[in-house]
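Paired with subunit B in one complex and with subunit C in the other, subunit A is shared by the two complexes that follow.
On to the complex of A and B.
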């Protein structure tokens, strides 16, 4: 890109000055002030309804502010909207392109809108197609692309006129890890071209990759700084206890310790406390008394998510922990029967749609009371499998049982014994909270006293006691999600299927939601869940990795990290890691290098040999402030490396990889 | 307004239309069906009115009269009865529209040149047809009376009878009084308003509903470029429909165009623009495809059918309704079409109607652009 003439390097390309937006009584954005400089990636994070999208829309000059002002590349968004739009690329949260047009047609349309001249156009489009790895799909309809490809196409369309400012509203929402890596690679190239990027995200590991982060809540920015600076806001320190009995340990600790918060993530108990030494001593003592095994107790550095929860966790929009205890009684009936029985079992399950095989010869077992995670990119066959298990779709071949009933012949029996929550929460927006509950209660045949009891329970579980009579449409994402879950389990089913229940929900609500899932599992309910979020995968008891309709790996998170993965992972912490990713990838013995949190994860077959190479490289380039560590791979590493292995195999087996 | 961006929108909208073959087919099939339906079903001419007879006279004279009815294209004698109950049954069941009763002394009185009365009974439950057919029947009977009188004069050797006053009926512009000649122009208007308003009523709302609007607002595209660009492909379809309607009128219903075909298409284009922007305005204000579509069909169809002079003469309406017809654009359009089709007149007479049509279209264009807020609320 040519040197910037209108915005000198030292001037911010995005400037908001007391920007406010009021909808009726509600202040959606309250005196937002921020600057983003050329070549900077700024992440705006906050819970649902915090005002992130509204802020972006005002900056993009597609919504008028109620008060305050903002400038994009020096042009006022209200008075010079036309100029602003020339310098700007904006990507809305919804897919903003035409599904019935091909990739090429969509790009051409945007090129025309931005007045890209015929001369430079061809080269620019070629560049963008390579950039986004979209070239094989130019003639495909946009509606037939996967979620990740849609986002990349939208980005390509937005970038057609080489903008100075890029505004992205949750660009990687619902996008699988592979596509997310691609996406971030593109963003960093733009950053090197000195584009100013402002994005909102619900993935806090993505926020860690930003140069600076703004925490926003209830329309107000409460903190701005580098991820490291933000992490210093953490109230208290974090003690982690790894154990195979993590959930039981949490249960005995909860009454005994005075912690700020206590959660379980997979096999790890997370305690946030003021006095870490005192807490550790006490915890060891309590656990020893109870006789539970412990693998490791140590302090962990806070992640952005920890900060997010600790800073924002106390606002009124989230239910207190109290209702959880009442839930225990509600599910007591199942707890008594919980044992190592099989809740779900399938053998050679296959589903074809014409010539397309959506689910290919899948076999697995899920035990009662287990949290079973189903992981895979869009279109891998997760939802199809769940629909077959729920009796909504007939398998083409193979067989299975759910709660002891055959999925081919006894679907009506199954429907009585399962709860199903679909990706799009199937609530009626024009009904109130109670009316929705009553409707689903009616469907499951609840009435009279039982319905009254369950309604009260559901309202309390979802934390909607004060909003019983509110229209569902006005609820935020996290609330809707909990209400949808409450509706799905009104009839106290022994098995619950959750199809991407946390997609697009903020981290705080996600944690609350997982608390609910854990307490359900504790009562002996089997939870079957699909997710995109790799951290969430770690919270499951067992995981199955699905790719191309096939199950490519299964096991506990630890098993997957230690056994299924042949490659080793080296974690590199250094300044400006993205710049190093490309050269590092070329080193001998290095298979891949990708951003992870605020560092790089380097994939290698032999960590020892690779570390030598990397150290030499770091010395040659005189990068001093770098730390290297061979680590246990993250779930994302496992996911990506297993999928790439399958792709490599397919590549050598047949024609060039055409990942859908 | 930037024409390149406008063209980009038009091109994109055309692609949508081509991809969405269902609505494209609908846009071309609806006129076809409407024209056939109205062209054949909606006729104001009397044809083959089912008639039953009680011939009490049963003479060659009475048969002479009946043969006049039989030979007329307007009547078709379906049966002969010997009692009122027989006639009544046919009328009750709807198998006959009118009944003729010829008195027993019919022949005698005619021979004696004395006045004679025939009874014509009509089915009043279908008042219009009944009144018409009774008038026709009276005319047939009158013809018979004149023939008889003339014969008798001749017999008496008094030469030809010259009635003192003779009405020479001639219908200008439509000599055969074919109702299709009058209806086809109205059908063209009806087809155009339904298709045009229906097509454009979804376009803007669709962008809001699918979330593509937000992305569009963020680009340098301006609101008028979007509106006009979107209208272009629908204008082409609308004009195709007009050509189709005119051709069908000419070759299927044999309705000739006396006046200038060029003027006909120019005026149609003017009306079409108004109808397209009417649908656009609905789409813009309602922001819902389904709602805008339904309202477009109802609000386009009904006034054009009822208040334009298409079927029901405006002069016969009560005054308040007459006043309302002044804001129905089809009123002017149909007047223009009939003028061109039947009278062969041009703008020297039709200028006022054309002016109103132009004002209407301009108003709708402004309305659509004013209503459109190219921002998120």
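On to the complex of A and C.
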């Protein structure tokens, strides 16, 4: 529990003591107690509605606690709110930016608010622009920035005065990996300046980079410690089985093995079990009997996400399993043959908005029964493509077919055969769960007996049996998301389009959601999904990487990882990796070094030579407990390197590109 | 097709009736607005507070003052002692008029010279001042006539002199009470506000939360969506109108003289036009605030230039021609015609034709623009 930075004179900069907040009957935050020390990054992790944002708001003295107390830099948040605000920078989930003002004007406005003197101001702004890589965009209106750049600008605005404490509420939600890397670089710089940082996040790989993590559920902190300490809370061990037939293997293993949970992630089956030797023996036997190919069976160290799911998901993967079987019957009509028919095909698809090209000459094919992932940062053109395929938007040029129908001329036919779930989980919040289902069922032309059946199915699939009559507004994000999916596929379409279906949803709900996607694919349904979560991309059968309206690579996750990247990746596990990133980047032969989970990924053209350099560097700095391994790149590595390649090309081709 | 529209209607009404604010807007506001506005909005000028500066203090001056207070038009609220107080009472707005009688007023009458006195009014509210002056003129001429008779009587002439008298009758509103005029105007205004604002906000809200996109990927046609979205507001418009007509009858004793079915039928034309306008507005707005603001910008001139308060005939020609494109202007004409005059198609056909033409135009524009709304 002791942070590694504690020295006797080091008093906590953030201190919460029995902090509680009740809204009517609901205890949003229940006796929250935590300390964050100077120079520490503390991550608050928990499912939707766990009380993360409320905790942050109380600490920022924006909201009065119902009971308990908290101190920021020694000042009480309720009695000395004015003093607290001098030491504090807070970034909420909503954008606190003025969309009609330029980057420079926004920064100036906040500088005025914080009373930054004219003298120190210029230097500070220059510094902020530099380290947020925002300099080329000072004259752009904030509303025209991409999601990641908006986040960075907001952080820059919050940092215009030098705070002792930084509170960040889901700062990287919906931000592309490149911007996330920049963001973490900034946080690391602040940490070196002894700023205390408390952040909430839904990305568990980010949580692994925090010095300490607090798991919060239903308003209560259930565990605090370093990521390593938290991982020891994992119940059971994890056995991974890599195979090209991972989903089929999971299907035959289910019911045969007594595991705590079983999931598929891309080409890998994760089994959480108590006795790993016993499970491995049994699994090998079962798979052999069935005659499926297996690439590798091995134990894997748990990630924070595994812990999160095992600690919070007592009801884990089980509730989804039962509905899944019933779903199979429901979808029987499409489960016919897994032939290699083409579900979606586009050629040279282009969409312009005035002079802006949102989708630029895109061509691809999606086979029936495939999970096709569309991966790219916000504003890359993913949604625009989906909206053209769904007949919501006319292409400017190019052509395509969905379920064999032309996307220009036969949109009505297409609409009968697709399910579509938009980014915002478009439900009517003032209607109940059942009323929403009835409405969407009704406009899909379901009625009478069929509607009754589908309603029951949908309610069960979304896990909302006990909430049939609840208003949709009171449901948490994960529930809304499953209900939105259920509503989109009430009419049993053979093709389903999901536009960022898991954005802003906690890991537990994300896993459950992917279970649903898998079961749809199993029944021959084609699933077209967009995401900016890199790890989710690995769950797809095929992915297309989208950047700046163009498709920059496509293939199976394995193909992309092995073929599309020329550079090699060295994984470095060491204490305090953040501090090493900067000096390592300067080593000869190293192209980039970035945080990845709790370690560093070092990009290099020649792994052999680079390893020598890195080893020398580690020895010179007497860093003993470090392990180096040349690994298969992760999807994030692939994506970032491809994006950087495109940017380099653009930069050399014309004026300063979008990214410095 | 019918099933899908039916589903839209069920959903719309569930949402509408579930929202407590909407319930108040649909059922409460018409009653409250109607009652308060119609009581408060009156051009009947009564009990004008008047100060008297009587520097004459003769029986003749007292008689004049009495003749002013005899009707209910003027009420003496204070007596001034000198003309220095005069500007004070007007500045502060204590009184709306000052009756100043100079010394020698009685003597002049007595000696059969032209007698003068002064009536000073507060001209800030030009309308009611004009009305007050009208009353005063009436009173003075009566007073003057009486003095004339006295004078003739003294000379031994007892027969009345030759006189020409106007006998005026205000048809449709014999007592010229403004409520008969305002109640229909209020109904037209409220219907305009309701149908325009609620409909445009209702559609834009779906845009804002993204449900419109979700719904448009279903096999639903845009026409079905439009109908499903506008029919509920048409129905609530009718409900509001019915409530307002009831209030008008119960509270103000204003009843519809013409045919009710005819009234409801032509109201339909008006409402359809408003739906078209609302659709056009929702096409250009992407947030509810924008929709509200745009509706407001349409509302203000439409109400002002409808003849609701300011007679159209007094407006300069260009403005008067502009009002030809104001749906509320035509509806007001129709509504007043039916409610107050009991006239029918034979008289109202030009207004109804204009109204229908406008509604059709709005609908065509809306339909053309709605496809764009979605993308």
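Criterion: the second predicted complex is superposed on the first by the 641 of 660 C-alpha atoms of A that agree within 3 Å, B and C clash if a C-alpha of one lies under 4 Å from a C-alpha of the other, contacts with A are read in each partner's own complex, and residues count from 1 in each chain.
In the analysis below, a residue touches a chain if its C-beta (ideal position, glycine included) is under 8 Å from a C-beta of that chain, and two chains touch if they have at least 3 such contacts.
Here the structure is a predicted model, which means the values were calculated and not measured.
Steric overlap between subunit B and subunit C is present once the structures are superposed on subunit A. Of the two partner chains placed by the overlay, only subunit B lies in contact with A:60; subunit C stays clear of it.
Using the contact criterion defined above for the overlaid structures, shared-chain residue A:85 touches subunit B, although it does not reach subunit C.
Judged by the touch definition given at the top, the superposed model places A:420 against subunit C, while subunit B stays out of reach. When the two structures are aligned on the shared chain, A:372 is found in touch with neither subunit B nor subunit C. In the overlay built on the shared chain, the residue A:110 is in contact with subunit B alone; subunit C does not reach it.
Using the contact criterion defined above for the overlaid structures, shared-chain residue A:100 touches subunit B, although it does not reach subunit C. On subunit A, the surface touched by subunit B in one complex and the surface touched by subunit C in the other have no residue in common. Partner subunit A is touched in their complex by these residues of subunit B: 2, 4-5, 7-8, 11-12, 15-16, 19-20, 210-212, 214-222, 375-377.
Of all residues in subunit C, those touching subunit A in their complex are 3-4, 6-8, 10-11, 14-15, 18-19, 209-211, 213-221, 374-375. Partner subunit C is touched in their complex by these residues of subunit A: 387, 390-394, 412, 415-416, 418, 420-424, 426-431, 435, 438-440, 442-445, 447, 484, 487-488.
Listing the residues of subunit A that touch subunit B in their complex gives 57, 60-64, 82, 85-86, 88-92, 94-101, 105, 108-110, 112-115, 154.
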